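What follows is subunit A paired twice: with subunit B in the first complex and subunit C in the second.
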Partner chain A sequence: MSHLLHRRLAATATAVALGASALTACGSSGGDRAADSGPVSLTYWAWAPGMDKVADLWNKKNPDIKVTVRKQASGDDLVTKIITAAKAHQAPDLVQAEYQALPTLVTNDVLADISGEVGDAKGKFAPGVWQQTTLGTDAVYAVPQDSGPMMFYYRADLFTQYGLTVPTTWDEFARTARALKKKAPDKALTTFSSNDAGLFAGLAQQAGARWWAIDGEKWKVAIDDPATRKVADFWGGLVAEGAVDNQPMYTPAWNKALNTGKQIAWVSAVWAPGTLTTAAPDTKGKWAMAPLPQWTKGQNATGSWGGSSTAVTNDSDHKAAAATFATWLNTDPEALNALVREGGIYPAATTAQTGDALAKAPDFFANQPDFYTRAAEIAKTTAPSSWGPNVNVAYAAFKDRFGAAAKARSGFGAALTGMQDATVADLKKQGFEVAP
Partner chain B sequence: MTTLAAPPSARKRPPAAGTTPGTAQGPPRPRRTALLPTAVLALGALYCLLPVAWVLVASTKSGTELFSTFSFLPGTGFTGNVTDLSAHRDGVYWQWMANSLLYAGLGAVLSTAVSACAGYALAMYRFRGRETVFHVILAGVLVPPVILAIPQYLLMAEAGMADTRLSVLLPLILSPYGVYLGRIYARAAIPAELIEAGRMDGAGEGRIFLRIAVPMMAPGLVTIFLFQFVAIWNNFLLPYIMLGDDTKFPMTVGLFTLLAQGSNTPALYTLVITGALLAIAPLIALFLVIQRFWSLDLLSGAVKS
Partner chain C sequence: MTTNHRAARRRGTAYGVKAAPYGFLAPAVVLFALFFALPIGYALWLSLRKIEISGLGLGKGARQEVWAGLENYTATLTDAELGHGALRVLGYGAIVVPVMLGLALLFALLLDSERVRARSFSRLAIFLPYAIPGVIAALLWGFLYLPDVSPFHYALDRLGLPGPDLLDGGPLFLSLANIAVWGGTGFNMIVIYTSLRSIPAEVYEAAKLDGASPLQIALRVKIPMVAPSLVLTFFFSVIATLQVFSEPTTLKPLTNGVSTTWSPLMKVYNDAFVNGNIHAASATAVVLAAATFVLSFGLLRLANSRTAQGETR
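Moving on, here comes the complex of A and B:
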């Protein structure tokens, strides 16, 4: 299986365009940062705010392993940058990587297998989270850092005003959306946004979808599977009948809609309080959080949206030291407290989810004092997810196709098929074998 | 509209807009032709200036005002924003500003020097392969620098210079467009007779270039300098690929890290907008200072009769 992941053919195609691969052929002598006898120096590319301060804690205690944080911009561009740097053998020792980027980095031979160094940390994380760093193999390519279990956020005051109850199933969710439209035609329960595929992926994950899987020596793509289709048809139907809005998230218009109560709920993840603080400052204390609605009553599952891990690269001359730091960063109580305080992350380590730093609800949700206790309960129910080597392509196809379909309010069936086809075609183009 | 025009025999030249109204053609026609271009230009100006106006207004808004008040209603938070920006990560923004000034300033000076030498040589000396060299450079104008960023990174990495300030400066020094402009300008501005006269009087080639050619090319060189300065100031991909160390980032890459901080951290919009506004200031200052050198352009042709 690792043979499949390391298929070199894929390495050339993904990130580096035009002529780059020809140059790498002669670029094998770049690793001249030889291990010197003095203290070990590690470079860490991360985007989480305040990461340098957390690293300072480590540096104070471990003078022989010095970690320098180089702050980067998050996103797919960073994945490309890391792959390019790895081609030139200039990648930093440690990188922060989103879970869905791990297969891309592994197929490009960027990440080192650190199962020997970090294997013991497995018990500190929920199985569904840990499994994302192993890609279903015996290897371990990263240590989980933060996770984004999904939840349902709603304006408690407006729900009372309109006599709505908090939906526990998606059927109830649809009924709530329709009931609100009837009572207040200018408002909408929420919007289906086509500019963030992470939300859709999380919803599909909750419904039981596994978009990528390894089948023998081939990749299997199941984006257009019954579970995802159920999710797509559900939201496509709501958008088509006008029960929910069709405008994208994270725009000034969306901020305004949340701030003025034009949209009164948001399907989001545990980090939503931070976003709401800037997007809808006037609504402080008026929101409440509930578990995500379920597909069948009594079920208990959620998806995840966002989250990242700490990985060690093959270019590192001090992999063991780097892996030790990665483990400390993501499992040590002091480090996790600092990560929560400085970086505002939601830790993946289960003990930290109910730790001191998260004892108090976020300011914006002061009306819900048990916010993080409930969040930790929900986090336990995260369904497993699986990512493939071209998540970025699938996400781009989602934006294009679902964007057009949402605008036309025409249902998402064709868009989902298109997303599947685009992903399969790209895998084949990269040189992977794809199971039918 | 042309069908309305009087037959060519009626008059040789149409009156310019706004002149001699009330003649045989009557006033409506010239007015009409003037209105449309003006409207198009005004629309273009609006298109260009509206985003600038938005940045100007948005930078005065505090975080809570930014998306909740009317877009073009000034807010109350400008000084607060500047303070926040300066305080963010111990003032790393000003470090980025200094980096941008270094890359753009030094890069543009070096690039202008190279363009001046190369342009002068290509215009004034006849040598084998001159046209070939010029055409290769001309082809270089057509290659977007974006395409070269990754190969340049791999070359720099090979030379052990990735993630250094030099790795951002070096690729910017040779600008095909600058060399092209340099040649065009040298050919237009420097009369061959003058160079000949210099040689007769016994000046060396270097002296002729520095003392005669460069002063005559000055307005053109100022143009090249400005073009290069703005291009480097706005350059994103090359420093993004080259640099891993955020204390060496130029403004563009630095502001990008404030925007993309991961899904669980909201983007620092107010800081980015204020930062973008402050980033325009050096460019405006540069244009105001350098404007006066452009007027030399009018005199430069006066040597030859």
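Moving on, here comes the complex of A and C:
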């Protein structure tokens, strides 16, 4: 999600206007938690575009709890800012955080356990999504906001032109890549990019990997597990034989390759239409979306790439009010509609995935009217994932080691071992208990 | 009574005169302490501490700042990746500094020669890249280096020639050095040129009367006389090279060839803002500052003793 949002941010540059502070004199009701007397003021650090407008909806209905949205930064930068603010006990009441950042925030003692306040919210999300907010404990550290179920995107016109069929398994995917190379040596099915570890994490998740887990009183790191190794060997092999490209994504060269049809497919997530709109504007209406290829025929699983949640901080003086807002924001139909409309997010709440706001396919995929119906089907098959307290270190190791291996086209086995070792070494160095 | 009074007044004036220098110094000392000594002291303090986590690291009190002694320094000095980064930067500097200063000297001498035309236009044209921010320059060159969008690669492709991968391996050093040379030559040229203009005309006249050719004047008169400004530009260039950060950081997303720890400063940034380990970052920063200090002043001393020798000869 973050990529789409980063891009949108740059494009829209929405003002951080607080909107009409809707403290109109319409009586006293609305504050459903009576613990706080008088109007409560909450600050919310988020980067989703249009979040201030969604907060306005809330402010109009709840004069007792006023939420102010501040755009401080996005993604990983925001995590750093929040941790710094929390050290000075100046963290905002609410924060937007990507799922993989939650353990980092929790181990820095930034996030409050809101399991007592979120009520029956759990039932409104796919289990694989909800479980990311608990870290596998009894606590609840956030309410899921958006998710990024992964899919396979391909140029329908070029697939027909080269006589290719849409791969349903990864074996077929490899055969398709080779067939294309034979027919058009200057083209590639796709690229293996080392500049966004989220993609690789999602692919590993689909194969059944759980990179971090809590094992009693210890962290267990399983990045170099059989499932991830299968994924790494598969892509390493394709890169080594030259069946797919090895250049990173999100570069001018990558945009051009997508726009001119030099690369004719992209393993991505539900937010891809937004990215393709800016990266490959000339190819509008030529793409199609299909489920991710599977490891065994007939299986039905996908990973997730991106997605974020709303969390309450320990510095908040009004945790109950903040948790109520977080729940409303991510489960109330009106709020979710506004989030989709204003922020262009793909909601994590299952009911909203087939809601009115997503009835129409994205403009870029007008040729696939049932885009969001299929997306909702795919989202249900999202495999669970779990994150640890040093995802940032693992991701940096991925970038450097897989980047070097992709450059050398030498297979990814050693890079994966290196990623595991770097992650474990960092945890131990920090003082975490690590299970062997 | 009057004498007493006068004596007291005289004493007061004497006291005032004595205190005056401190009064004048105070603003500078306060500013120095607040914005220089204090931050450095704080960095040193941070570098001697670390975060210790107990158990799973969840909940209150699981994360504590404790005394680390020289642990962070040991880690920094034994870090192989930092060593590789330092070597990469030295290799990069070995290209940048001589090429940039050589070109700057050459351009300055050419501009200073008598028969030059369009002097002020050329001076501006050479200086202009310096006015372009480093990040913009790196982006600009990055686009020119990327095979799929580069006009050079397009032209080579048309001619049927293979285009080199400029963002990888050995050529990557040349590509990065090129950005620095392109951006920095103008500034250094201006420094050297200014010092050339201040050489009195009689010196040239004397040389000409002795029958020296323009080339001989340049080599035997001009270069020795601008040696101090050459030393100065060399000093600046070495420091700038050791601090290289924005160019590789800007090129990083474009290629697999630049890692997140390509230069030592990138490692400091990564430690502080990606890994959230401000203590390790402080230790590395202190080591880097010390190394830069030793290296640049060592080279300066060496250069100064050389020029001093030249003068006595």
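Things worth noting here:
Basically, the second predicted complex is superposed on the first by the 398 of 436 C-alpha atoms of A that agree within 3 Å, B and C clash if a C-alpha of one lies under 4 Å from a C-alpha of the other, contacts with A are read in each partner's own complex, and residues count from 1 in each chain.
In this text, a residue touches a chain if its C-beta (ideal position, glycine included) is under 8 Å from a C-beta of that chain, and two chains touch if they have at least 3 such contacts.
Remember, it's a predicted structure, so these values are computed and weren't measured experimentally.
Overlap between subunit B and subunit C is detected when the two structures are superposed via subunit A. Once chain A of one complex is fitted onto chain A of the other, the partner contacts of A:I214 are limited to subunit C, with no touch recorded for subunit B. Of the two partner chains, subunit B is the only one that A:P92 touches; subunit C does not reach it. Using the contact criterion defined above for the overlaid structures, shared-chain residue A:H318 touches neither subunit B nor subunit C, since it reaches no partner. In the superposition on chain A, contact of A:K256 is made with both subunit B and subunit C. By the touch criterion stated above, A:P389 is placed in contact with subunit C alone, subunit B being left untouched.
Residue contacts after overlaying the shared chain place A:R374 against neither subunit B nor subunit C.
In the overlay built on the shared chain, the residue A:Y346 is in contact with subunit B alone; subunit C does not reach it.
Touch counts on subunit A: comparing subunit C and subunit B, the chain ahead is B. Of the two partner chains placed by superposition, only subunit B is touched by A:G198; subunit C is not.
Mapped onto the common chain A, subunit C and subunit B collide along 24-32, the only clashing stretch among 6-14, 24-32, 42-50 or 150-158. The intersection of subunit A residues touching subunit B with those touching subunit C, taken from the two complexes, comprises 77, 252, 256. By the touch rule above, subunit B contacts subunit A in their complex via residues 63-64, 67-68, 71, 89, 147, 150-151, 153-155, 157-158, 160, 162-163, 240-241, 244-246, 253, 256-257, 259-266, 269. Across the interface of their complex, subunit B is touched by residues 16-20, 23-24, 26-27, 30, 32, 43, 45, 47-49, 52, 70-75, 77, 81, 84-85, 87-90, 92, 146, 148, 198, 252, 255-256, 259-260, 269-271, 274-275, 277-279, 281-282, 305-306, 308, 343-346 of subunit A. Note for the complex: subunit C touches subunit A at residues 51-60, 62-63, 143, 146-149, 168, 253-257, 259-261, 270, 273-276. Put simply, subunit A touches subunit C in their complex at residues 76-77, 80, 83, 104, 106-109, 135, 137, 194-195, 214, 217-219, 246-248, 250-253, 256-257, 262, 389-390, 392-393, 396, 399-400, 403-404, 406-407, 426, 430-433.
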